[in-house]
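Beneath this line is the structure, given in C-alpha cells, with notes to follow.
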Amino acid sequence: MSTTALSIEARQARVTRWLLLPGIIWMALFLVVPIAMIVYVSFWTQTTFNISPKPTLASWQQFFSSSTYVDSLWTTIRIWLIVLAATFAVGYPTALFVGLFVKSKTLSTVLLVICVIPFWTSFLIRVLAWRPMLGKEGAINIVLMKLHIIQQPIEVLLFTELSVIIGMTQIYCVFMVGPIAFMLARIDRNIIEAARDLGAGFGRIFWKIIFPLSLPGVVVGAIFVSVMVLGEFATSGALSGRKVNLLGNIIVTQVGSLKWAMASVVGVILTVVMGIVIAGFLRIVDLKREL
Amino acid sequence: METAVFRLEGVTKRYGDLVALDNATMEAGSNEYISFLGPSGSGKTTLLRVIAGFEAPETGRVIFEGRDITNLPAHERGIGFVFQNFALFPHLSVIANVGFGLRYGKSPQPEAEIDRRAHEMIDLVGLKGLEDRGVDQISGGQRQRVALARTLAMQPRLVLLDEPLGALDANLRGRMRTELRAIRERLGVTFLHVTGSENEALAMGDRVVVLDRGRIIQTGRATEIYDSPNSPDVAHFLNRFNLFDGTFRAGYFEGPFGRIPAPGARRADRDVYAIRYDRMRAVAPGSAVQGPALKATWIASEYLGSAIVNFFETDGGRVVEMEQHLSLGAPQTFEPRQDCLLTWNPEQAIVFGREAA
Amino acid sequence: MEQRFLKSVLGVYVAAFVIFLYGPFIVLTILSFQQGPDGGPQFPIIEWSTYWYQQLFGLTPPSRIAPLPFGDALIRSLILSMMTMVVSTVLGVMSAQAFRRKFKGSSVVFYLIVLGMMVPGVLTGLGTSLLANNVIGIERHWYTTAFATHVSYTFPFAFLVMLAILNRFDASVEEAAWSLGVDPWTTFRKITFPLIFPGVLSAMLFAFTLSLDEFPRTLFASGRDQTLPLAIYGTFSVEIHPNIFAFGVLTTLFSFALLSVYGILMGLSVRRARRQAMQEDIA
C-alpha cells in the first residue's frame, strides 16, 4: 500500500523545491544573467554608432590606456574608503548610545525611528538638500558668519570632493547605526555587569567585550555602505559639479552616448571591486549564521 | 489487549550521527493507557513525533488501525497530539481553538455541529464559562485542558501526549493526572503518554514502555516493571532501587555487602545487585544479621508524606536510600553520622549477571 | 560614575547626530517657503510664501518657471511599487518558508537571494538593459524590465524580514493543527499567516518604500516613460527652483501618513484576528 506513496521526507522536499523555484528563477533571470551580460558585452566591438557581438579587447585596452578612466577607479576606491571610515566614526557612538546605553526599549525604538525618518524623503531630494546647506550662501556659511567664526564664506564646501563625502556620509551613516545597534542590543547585560564587578574599567570592557560582540553589526553595516557608495553616481553628480567622476558616473555617461561596450567594461571592473570587498567582509563574519 | 489498534515495526530514526530511535517495535491495544519512561534523550519524544507523522523514520513501519501509515502525512492520520507547551493557537479564543479541527479539518462539520461538539468538549474538561476568553487570558492548567479538549473533539482513536503535565506545578499535576485517566476511561481512547517522571509513568500507565538510547528495553504492566525490571538500566530509571556493582559467579553475588547467594539471577550485560528502597532495614552495628550486611552512616532524611526516606553513606562513599512507609508504624529515627548496619531479605533482591542463565 | 558621564556625553553626541541627519531637510523645508516665482533655491528668504506649494497644484498663474512634470511619473511609481511589493513579498514569504527545512544547497540559494541587495543598482540596471536592448532586442518599460530589477532588489529584503520572523516561529502550533486533521495549506492560511502577519506587513512596507525610491536600476532599465525618481533626476540637469523642495516636503508628509497607517495596522492586526475568531464562533 505504501510502496508507491512518497515518504513524508520526500513530500516535504518537494514542497521546499516548489517554494524556492520562483525565487531562484527570478534571481537567475533578472540578476545573474544580467551581470553575465555585462561581462559578455564588455568584449563586443564598439563603433561610433553601433555595437556588434564580434569579440575584441578594444574597450578593455581603451579603459586601461585612458587616465580619465583609471583615475575614476582610484577616485571610487578613495571616496569609498573615506565614506566608510566616516560613516563608521559618525555612526558607532550613536549605535552605542541607542543599543547599549539606553535602557528603555521604547526610547531606543524611538531613536531608531528618528534615524529612519529621513529615508521617507526621496533619496535624490535628500542629495539636493545639501546644495542650500553647503553653498557659498548656504546655511552653514550663514550660521558660521553670524557666529563670527569666519569672516568670509567657505567656498570649498560645495561642488568639491568634500561635499560629495559629506553628502554620502549623511545619507549612508544610518546603515551603520542600525546593524551595530542591533548587535549591541543583543549583548547580555550580565556579562558587562560581571566584568564591572571584577573591576574592569569601561575602556577595557569596551575593547574586550562590547566591540568584539558588535563586530558582526559593523561588518553588515560596512557591506551596506560599501554596496551603496561603490555603485553611487547621483550624489557625486549632483554635489561635485561633475568634478568627481566615480565608476558609476562613467557608466551613466557611456550609456548616455550609447557606448555599451565601454559601460560594460567599467561595469565588470565595478563588479570585481565589489566582489573583493564583499568577500573580504564575509570572511570576517558569516552573514547567514548571524541572522 | 484484544485488538492491536496500533503497531510499530522496527522503527529507526537518526539525526546525523545520533540514533534517536533504534529498531523500536511495540504494540498498543484499543482503550489502553501506555506510558513511556526513559531519561531525556532516550527517544521518547521522537517516538511520538514519528507516530504522529511529524518526522519520518529511516526504516520500519507504523501501522494504525490495520493500515500502514508510515508515509501518510500527519493531517491524514487521525492521531491526536498534546504538546508539552500546549501549542494553542494564540490568536484564537478557547472555543475557536477547540472547534478548529472540526471547522477546517478533513470533514468540515456544519457550524451548529461544531458548536455543539466544541461546547461538549469544553464541558468535559471543565472549562464552562471560559469559551470566549483568549488563550492568553487563562491559567496554565486551563490551557492544558484546552489542548486536551481540542484534541479530543476530533474523536481520535489514539492520542499522543508529550509530557503534557510537565509545564504544570506539582499540585496541579497531581489533579490533572487523575482527570486525564478519568477522561480517557470515559471516551475509551488509547493514550500514549511520554513522561520523564517515573511516578507518573507507573501511576498512569496500564502498561509502561521503558526506553533507553532509542531502544525499547522493557514493556510490561506497571507492577511487572516495578517488581521485576529486566535490566540494570530499567531498575536505574525506575529510581526505586539501590544498585550495587559487584561480581556474580556460580550462583553467588559478591558486592560491598559480602558474598551472598543469588539463586534467581537474570542475564544482563553487567553484574548488578538491585534492592528496592522499601526493602531495606537498618539495625544497630554489631547486631547479628543473616545474609547481606552493609556498614553505613546516616546522613539525612526526607519526609514524603506517606513515607520517609533515609539516606546513608557507605564506606565506599556511595549513597544508599531506605524508604519506610508510615503506615507500617512509627519510623526509625537516627542521629547525624550514626553508624548502622543495612540489611535486607536476599530473596527480595534482583540480581543481574553476565553468567546468569 | 564613569558610565553616567559617558552616557551624557554620548547623549549630547546623538543630539548633534540627529541635527546632522535632519539639517538638510530643515533647510529644505525653510527654503520651500521662499517667495515666488522670482525667489531662488538659496538664502536669504526674500519673503515667506506658499507660492511653490500652490504652483505644485497648478494654483498659480503661468510664469517663466514651468510646473514640475511629476503627475504621470508619480502614478507610474505608485503602480510599480505596488506591483513590486506584492511580488517580492510573495516570493519572500515562500522562500523563507522553504528555509525552515534544512535542504542541500541552502547556502547557495541564500546567497543567490541576498546577492540582489548586494549588487549595486547601477550594475543590475546596466546588465538588464544590455540583456533587453542589445542581446534580446526588446523594448524596455518601467512595468517590464524595470519591474524585474525592482523585485530582484526588494525580494531579498522581504526574504530576510520573513526569515527573521519565521526563525522565531514556534512550529508546534502548525503541528498541532495538522494533528487535528487540518491540511498544511489550510494550516498556513488559518494559523501561520495570521501569526506572521505583522512580519508580512513589515516586508511589504520595506519592498514598497525601496521600490518607490529606487533610482539607479530604473534609470537604465525603464524605457521612455519616467518614474518619479527619474523625473526628479531630470530636474537636476536644468535649473533648480524651490518647487522641488516643496515637493520634497509634501512627499515626506505623505510618507509619514503612510507610516502612521502602517503603525495602526500593526497594532490592530493582532486584535482584529482575535475579534474575528470570536465573531466566527458567534456566527
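Chains: A, B and C, in written order; residue numbering restarts at 1 for each.
Criterion: a contact is a pair of C-beta atoms (placed from the backbone, for glycine too) under 8 Å apart; a residue touches a chain by one contact, two chains touch by 3 or more.
In this text, all values refer to a predicted model and were calculated from it rather than measured experimentally.
J.: With respect to inter-chain C-beta contacts, which pair, A-C or B-C, contains the greater number?
T.: More contacting C-beta pairs are found at A-C.
J.: Let me check something: if the centre of a chain is the mean of its CA atoms, which chain is farthest from chain C?
T.: B
J.: Find the geometric centre of each of chain B and chain C from their Cα atoms only, then give the gap between the two centres in Å, rounded to an integer.
T.: Here chain B and chain C have centroids separated by 55 Å.
J.: I'd like the Å distance between the centres of chain A and chain C, where a centre is the mean of that chain's Cα atoms.
T.: That pair's centroid distance is 17 Å.
J.: Considering chain A alone, which of its residues make contact with at least two other chains?
T.: Where chain A is concerned, no single residue meets two or more other chains.
J.: Which chain B residues reach two or more other chains?
T.: Residue numbers touching two or more other chains: 53, 73-74.
J.: Which residues does chain C have that touch at least 2 chains other than itself?
T.: Where chain C meets two or more other chains at a single residue, that happens at 184.
J.: In the complex, go through chain A and note every residue touching chain C.
T.: Contacts found on chain A: 12-13, 15-16, 19-20, 22-24, 26-38, 40-41, 44, 51, 90, 93-94, 96-98, 101, 111, 114-115, 117-126, 128-133, 135, 137-139, 142, 170, 173-174, 201-202, 223, 227-228, 230-231, 233-234, 237-238, 248, 251-252, 255, 260, 263-264, 267, 270-271, 274, 278, 287-288, 291.
J.: Help me check something: in the complex, which residues belonging to chain A touch chain B?
T.: By the definition above, chain A touches chain B via 1-2, 5-9, 11.
J.: Under the stated contact criterion, what part of chain C meets chain B in this complex?
T.: The contact residues of chain C facing chain B are 170, 172-173, 175-184, 186-187, 190-191, 194-195, 270, 273-274, 277-278, 280-281, 283.
J.: Taking the touch rule as given, give the residues of chain B at its contact with chain A in the complex, in rising order.
T.: 53, 55-56, 61, 67-68, 70-74
J.: With touch defined as at the start, can you tell me which chain C residues reach chain A in the complex?
T.: Chain C reaches chain A through residues 2-3, 6-7, 10-11, 13-14, 17-18, 20-25, 27-28, 31, 41-44, 91-92, 94-95, 97-98, 101, 103, 107, 109-124, 126-131, 133-135, 148-149, 151-152, 155, 159-160, 163-164, 167, 184, 209, 213, 215-216, 219-220, 228-229, 232-233, 236, 240, 244-245, 247-248, 251-252, 255-256, 259.
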